[in-house]
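Please find the structures below.
Shared between the two complexes below is subunit A, which has subunit B as its partner in the first and subunit C in the second.
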Partner chain A sequence: MEKIKNTFLEHKTPLMFVLPAVIFFTLFKIFPILNLFWLSIHQVDKDIGDFIGFKNYLKLIHDQVFWLSLKNTTIIVILVVFFGTIFGYLAALLLTEDFKGQKLFRILIFIPVVTTVSIIAVVWKMMYYPANSGMLNSLLAYFNIPAQQWLADPKLALYALTVPLIWRIIGYNMMIFIAALKGVDKNQLEAAQVEGANWWQKLIYIIIPATKYAINMVLILAVLRTYKVFVPAYVMTSGDPQHKTETIATWIYKQSFRYWDMSYGAALAVVLFLIIMVLTIFQKKFQSE
Partner chain B sequence: MLKKLNLITILILIVFLGSGNILAATTIEIWHRGDMAYNEAYQEIGERFSKKYPELKVNFVLYPKLEDKLITAGMSDSLPDAWILDNVTTGKWVSKGFVSKVDRSEFSDQIMNVAWQTALANDGNYYAIPWSVQGMAMYYRKDWFKNLDLQFPKTWDQLEEAAEQLTYNDPDQDGKNNTYGIALYGASTRGYGYWTLQNFLWQAGGSLVKKTASGKYKANLDTEATKKALKFLHDLVYQDKVVPPGVSAAQSTEVYSSFQNGLVGMVFHANYKNSAYVTSLGRANVGSAIMPAGPAGSFSLGEGENIYINSDSKKYEAVIKLAKFMTSTDIQKFGMQITPSNPVRLSVRKDIDITKVTNNLLDKPFQAAFLNNKVKYPEGIPDYYPVKIIAAELMQEVFLSQSKPDYEKLISKYNEQINQELSKQGILAQ
Partner chain C sequence: MLSLESKKETITIKVLKYFCLIIISIFMILPFLWMISASFKSPGEINLLHYSLIPKNFTFSNYLYAFFKLNIWKYFFNSVVVAFFGVILQTIVCSLAAYALARFEFPGSVFLITIFIGTMMLPDAALMVPLFRILRTFGLINNYAGMILPIVPWGFSVFMLSEFFKEIPAELEESARIDGASALTIFTKIILPLSKPVFGAVFIFSFIMVWDQFIIPLLVANSQSIMTLPLWLANLSSETSSNRTIVAAATTLATIPSIIIFLLFQRNFIQGLTSGAVKG
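Entry: the complex of A and B
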């Protein structure tokens, strides 16, 4: 006891500094997560009722919409992470070069990041308007391609939903990559140039390895953020048609607030939390290796 | 001296806390949804109420996502004294124990029976007070019909014929092939497709659910009427091609805007878009009529809003007083007159002629549908929402099938789903 007391007194100042953050994190992060798990194992009506054990988790196994939403979300994550990273990196490579209008292009690409997600979703929904007069369909008509029912066609809807997500994340990724690219050793690049390396060789052997930490960070953040995708999915399709664009987050919302099954909604949220946690651990482990 | 000071302080505290309790006891908190314009209308009602009953105050609070707010408030014991919400939610509140019983006999006998039915639970008790009703009817382009020398359809056959003419005969006379006959709801989100299916299903003589002699319920999709309704709707989309593209994802916004922007000639919903349509299209160009009749008649879906009283509220009597005031002739008329955000769509009272109040002939068919018993309400099962979604998903699947759907298979699949839902709610008849 005396030892603990001494250790505390010894580290009193740093402990006092971290204490507010610890309290805040416990109250607003740890407690809700624990409460979520608590809700998922109890019947929830007007009050938190009987203990129901893992009934909701068993129900989840037989819930076809949950599995479909998991599949849809995973497809969205893969597409957003893949294209968002590649296009973000390409945009950063182009926009670190000095040319007239460089800043304007940076702003244009970054604007979607600071625009409200729901507004982006509404604008894209309007662009996808299925009649011939719809913006994208008018464009297709110019090339004699028949009008598409972007968000109503079960084969197209998920991909149509993903495009604005990719479009939005490019600007965010670009800014991280631009910061990383500025740190690339110019002497190394010049030396490579003298040795006769072409642009591709410089990219593969110098630039990418020098920015791998930024790439890792972008990948982790993109996976974390995209698995929770809710607003664009809810505003644009709400899971339609036939749950083909249902994401885990929209299904959690519907179960909790439309079907009023708060307990099952909590179980779904716990599973989403676990998925993201496991993925992050794997990603970090893989990247550190 | 100090003792005296302490005593005075304590007395002041007692008086202050006491008066706080008195104030709290006389202020009714009531939540509603809509927008700020609705809130202003409700505030006005509150002020009128307080003028009549100075000892009572009403605090109307606006929550655009009211259902979500009520659920979370219910879990944290912070529900208001009352709330105004869709009458289709009655069963849900009752089954969760959120609301108090209401004695119907305390209220005016001029309130329509059909409106009271939306407050009736399976145990035979009433759990809400009807505040506003609305039934669906058809809006149509009068100018387009006139240009084509067409009469508004009275039957399904005539509806199909009129929709074809509106699609293929250039009703807006702009020389372009850019119009459609009718807009339908097909999205399963929030059950929009249900609006389409329910109306046409009743008109065909069918229903989603039926009450049995035991007082319990059974799915009722496996009838010829369902097949007839589904086939008629599918034909409109794929055989006649009189419905705009994207029907399977069409929500209310798409449907309303397609009429307002001159894409379609007919659309059906309740009477809440009068001023928007008249402003966009011109008063002379918009008409309204009761829904064309199917084989069983011209039925349409009824909706509306009720006043629900929190079962834990200590101000039950005060809320009842407010509800009586809100269902009085004066306030019902006032609620209908505020445009465009009229909290009362149609009065729940049968002694009010809506066209005399709103001075808008577009309202007439909507009220006529009620007075002629053409408006139906869904069966009073505890939670109608899942059934509504199942119906919307059926409608959407039919709209997604470009070739002729296998109706028997679809009907059987969704009938089973409804039965499973009824079983889950403990009301499935054997």
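Entry: the complex of A and C
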């Protein structure tokens, strides 16, 4: 006891400095995540908290909407990672060197990153307005393509939901790639030039290998950010039509706050947490290499 | 294109480059153009079949309606209150911790910084249920504090600030300590003035992060009078009765603060963003 007291007095200053943060982090981050596991194995509808074991996890295995939401989220992740990385890299290649208008283009491409997700989701939802007068439908009309239902079309909705997510990540990826491309060895490029390499060969054999680290970084960050996607899906479709755009996160929300089955919502959330955690560990391991 | 054709960039390549950039840029700003253009159209015009980005008859009626009939300023005010106190509290709490963790070694310091930064990976959506129950226990549902307090702990802020504090030479503090200054005095009188640039960046990130909040207000704000702007807008847009031109005017107003902040501080913003991503 005496020893603890002495250690405390010895480090009183830093401990007082971190104390507020410890309280806040514990209350709103650490405790919730620990509580989540507890909730998932107890029945908490009426706040009694009877132990129910792994009933919720069994329910989850037989929950078709859960599997559909996992599939939908995975499709979204793959599309966002693929197109977000390619367009981000392309934009970065075009915008690394100084030229007239470079700054303006960078700002235009980056602006979606700083806008508010939910507000931008509202804007896209209105652009997808399903009547003939909707903006995208009137664009299609120019090419004589019939009007689409977009977010209301079971076949199209998931892809329509994904486009704004790609749109919003391009600028972010671009900035990371620009930082990486600045570090590419100029001499090596010039040597290749002398030896008659064309731009494609330079891109494949010199530039991409030299920016491998940034590419991996962008891929992993995009996967991590997209698996937990909630706000755009909630605002634009709320999982409709027929759960075709349900993501893991919207399903957690609906189970917990629409059907008020918080225990089941918690079990779903544990799954989302585990997905993110496995991916993060994978990332850390990769990063340390 | 990154020295791909550094010696002789032919006209064709130049044209191609600008063409690609213009296509990408149009795709990026199209939603903003649509939003602004729709906000100046009359409800009749937006339902016309032949779409035009430039309104035929400019009208401010959507903005007036958003202001005086829908009282958008109320939700704007709610958002400002949450953002103001959220950013201030977050920066105070996180910078104190970051300073202690960057400067002192004490039992558990490594553990703490790992945990603080580690919380960055926790998905908000996964914490909805426990967070809601905690807030309910403390009676924080349906008030400002319920929307402000949960955003105070932010691993990114601790990370960025502690990285910066480590760079400040320790000798600067030593002499003050010998003169008998307390740690808090050293922090406010020596460290803070030296850290103006990094605080600039942290404030901007913090503001964008707080302004972007949706899940916590969704859990906390039951009654419309306390809703933040993003939450209220999402509700407005899902009411079938609401007119697209009015929603467009409201979204335009709601987007302005983030864009102004970004344009004013873009240099800090982009630097912080790339360094954070590469290190974190």
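Keep in mind that, in the parts below, the second predicted complex is superposed on the first by the 245 of 289 C-alpha atoms of A that agree within 3 Å, B and C clash if a C-alpha of one lies under 4 Å from a C-alpha of the other, contacts with A are read in each partner's own complex, and residues count from 1 in each chain.
Operating definition for what follows: contacts are C-beta pairs under 8 Å (C-beta built on N, C-alpha and C of every residue); 3 or more make two chains touch, one makes a residue touch a chain.
Since the model is a prediction, treat every value here as computed from it, not as a measurement.
Student: After lining both complexes up on subunit A, report clash or fit for subunit B versus subunit C.
Tutor: Overlaying the two structures gives a clash between subunit B and subunit C.
Student: Touching A:M262, do we find subunit B (first), subunit C (second), both, or neither?
Tutor: In the superposed model, A:M262 contacts both subunit B and subunit C.
Student: Please work out whether A:A249 is in contact with subunit B alone, subunit C alone, both, or neither, and reply first, second, both or neither.
Tutor: Touch status of A:A249: second partner only.
Student: What is the contact status of A:I170 with respect to subunit B (first) and subunit C (second): first, second, both, or neither?
Tutor: In the superposed model, A:I170 contacts subunit C only, not subunit B.
Student: Does subunit B (first) or subunit C (second) touch A:P241, or do both, or does neither?
Tutor: The answer is first: A:P241 touches subunit B but not subunit C.
Student: After superposition on the shared chain, which partner residues are touched by A:S133: those of subunit B (first), subunit C (second), both, or neither?
Tutor: A:S133: touches subunit B and subunit C.
Student: On subunit A, which partner's contacts cover more residues, subunit B's or subunit C's?
Tutor: C
Student: Go through the superposed model and pick first if A:Q201 touches only subunit B, second if only subunit C, both, or neither.
Tutor: In the superposed model, A:Q201 contacts neither subunit B nor subunit C.
Student: Pick one for A:V117: touches subunit B only (first), subunit C only (second), both, or neither.
Tutor: second
Student: Give the stretch of subunit C that clashes with subunit B in the superposition, choosing among 111-119, 219-227 or 255-263.
Tutor: Given the superposition on chain A, subunit C and subunit B clash at 219-227.
Student: Which residues would you name on subunit A as touching subunit B in one complex and subunit C in the other?
Tutor: The answer is residues 44, 129, 131-133, 256-257, 262 of subunit A.
Student: Which residues, counting only subunit A, touch subunit C once they are in their complex?
Tutor: Within the complex, subunit A contacts subunit C at residues 7, 11, 13-15, 17-18, 20-22, 24-25, 27-33, 35-36, 39, 44, 87, 90-91, 93-97, 101, 105, 107-112, 114-127, 129, 131-133, 135, 138-139, 141, 164, 167, 170-172, 175-176, 178-179, 181, 184, 186, 189-190, 193, 199, 202-203, 207, 214, 217, 221, 224, 227-228, 230-231, 234-235, 248-249, 252-253, 256-257, 262, 265-266, 269-270, 272-273, 276-277, 280.
Student: Which residues of subunit C touch subunit A in their complex?
Tutor: 1-7, 17-18, 20-21, 24-25, 27-32, 34-35, 38, 46-51, 92-94, 96-97, 99-101, 103-104, 106-107, 109, 112, 115-116, 119, 121-134, 149-150, 152-153, 158, 183, 187, 208, 211-212, 214-215, 218-219, 229-231, 233-234, 237-238, 244, 247-248, 251, 254-255, 258-259, 261-263, 266, 269-270, 273-274, 277-278
Student: Given the complex with subunit A, which residues does subunit B contribute to the contact?
Tutor: 67-68, 71, 74-75, 92, 96-98, 178, 186-190, 244-250, 263, 383, 385-386, 389, 393, 396-397, 400
Student: Residues of subunit A touching subunit B in their complex?
Tutor: 44-48, 129-133, 147, 149, 151-152, 154, 157, 237-242, 256-260, 262
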